[in-house]
Amino acid sequence: MFKITSDVITGEEVREAVEAPDAGAVVLFFGTVRNNTDGRAVSFLEYEAYPPMAEKKMAEISEEIAKKWGIDRVAMIHRVGKLEIGEVSVAVAVASPHRKDGFEACQYAMNRLKQIVPIWKREVWADGETEWVKPDAVFFEELPEKK
Amino acid sequence: MKVTVKYFAVCHEMLNRSEEEMELPEDATVRTILKRLEEEWPEIAEFYEVMQMSVNWEYATEDTELSEGDEVALIPPVTGGTDV
Amino acid sequence: MFKITSDVITGEEVREAVEAPDAGAVVLFFGTVRNNTDGRAVSFLEYEAYPPMAEKKMAEISEEIAKKWGIDRVAMIHRVGKLEIGEVSVAVAVASPHRKDGFEACQYAMNRLKQIVPIWKREVWADGETEWVKPDAVFFEELPEKK
Amino acid sequence: MKVTVKYFAVCHEMLNRSEEEMELPEDATVRTILKRLEEEWPEIAEFYEVMQMSVNWEYATEDTELSEGDEVALIPPVTGGTDV
């Protein structure tokens, strides 16, 4: 299951998507909205995605995992829209016969998700300012003025 | 030919629209779209080097050739929705 | 939360136990009962624990994690009694500011749990035979005859 | 002095009891208990090298000295309840 959703993520959905009678190890990752970024108070977050491409890229990450670890039970779900502090933005589940592979594959899934899945996050600070989160702080420090 | 161009996040904000249809010449590539956006807004060129483009949900280069009905997108740096 | 229980493990309990507004990464591990061990069909499992010592050792593992990674949000729960195929035997949750630490700490918790937490597993095979699971197949191959 | 001795898993099965009280001399150590179990069942000694002992929920050695009311346990190799 590879899904962009505007619904609350409970975690049950990804877990059930990977469950199998021969896979004894299930590793889950949840990313939740923190109350601060580098010490600055966050009020809430907004996530935007390019859904069809995001789901396609999630499926590609799953194929990479199948090649590297022989694991074919991977599920990823990412929420979009407004998220409050403590809410789950992303959930990844991996089921495998052995836990070492499961931990490695789940971590790999998250690393790749941040690299290639088109999802953006906008922080709305407690002081009311907003900012698109950038992987490298040098870019988009200021928006160029529109002509 | 006609293609759809999509703008996300900071691009959406900069251009003040999330998508549009563009009428392009038959030999158009992704670069043709980028040049056209620069005419409207020269400073956008500074961001091209940190941005990626996609054609039909696949990462593309400036040289990727376009066809009728393609869906092109400007992809600002992605964060995967988490910084933890 | 460090707990031996005979109740069904849902996962919500460990997750809620570690949630914190400043910990954006939550890594969970679930061990579930597989339908086979080395290809031999398993009917069900029985787990036995030494509860007060098991809970004490879980708390010690948590202290080790606090020293190594500075993470103080760890929860572990292990079920005892009869478990059917697919049921969760063990759940570990770790919440941390950064996911890399969370993955490492959760994997460490499971490795240590297998080393020092007094819990034993008895497999009841589909053919009706039973066997205490041993970490090293050489030991307890046969029980010595009682005098 | 009196101590409680607990037997788990394969030890429970071998000895056919899960716990018992033992009356021990004042200078008793964990070894005193092991020797007494060997009298009942000589073959148990083969397993001592793969087994651990605990005193009051802490791993102990054969030389650990005992006190009135201690809870001693024979700990067969643990599996942490999972082999995945």
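Going in written order, the chains are labelled A, B, C and D, and every chain counts its residues from 1.
Convention: a residue touches a chain if its C-beta (ideal position, glycine included) is under 8 Å from a C-beta of that chain, and two chains touch if they have at least 3 such contacts.
Note that the structure is predicted; figures quoted are calculated from it, not measured.
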Between the pairs C-D and B-C, the one where more C-beta pairs touch: C-D
Distance between the centres, which are taken as Cα means, of chain D and chain C, whole angstrom: 23
For chain B and chain D, let me know how many angstrom lie between their CA-based centres, rounded off. 72
What whole-Å value do you get for the distance between chain A and chain C if each is reduced to the mean of its CA atoms? 26
Inter-centroid spacing, chain C versus chain B (mean Cα positions, whole Å): 49
Among the residues of chain B, which ones contact at least 2 other chains? 82-84
Tell me, which residues of chain A touch at least two other chains? 24-25, 31-32, 34, 97, 99, 110
If you connect every pair of chains that touch, what shape comes out? Choose line, ring, star, complete or other. other
Under the stated touch criterion, can you name all the chain pairs that qualify? A-B, A-C, A-D, B-C, C-D
Residue positions on chain B within touch of chain C in the complex are 82-84
Which residues of chain C touch chain A in their complex? 11, 15, 19, 21-36, 85-86, 97, 99-100, 102-103, 106-107, 110
Complex interface listing, chain B residues touching chain A: 6, 8-10, 12-16, 40-44, 46-47, 50, 54, 57-59, 73, 75-84
Spell out the residues on chain C that touch chain B in their complex, using ranges where they run on. 24-25, 96-99
Residues of chain A defined as touching chain B within the complex: 31-32, 34, 37, 47-50, 52-53, 56, 78-79, 89-90, 110, 113-122, 132-136, 139-140, 143-147
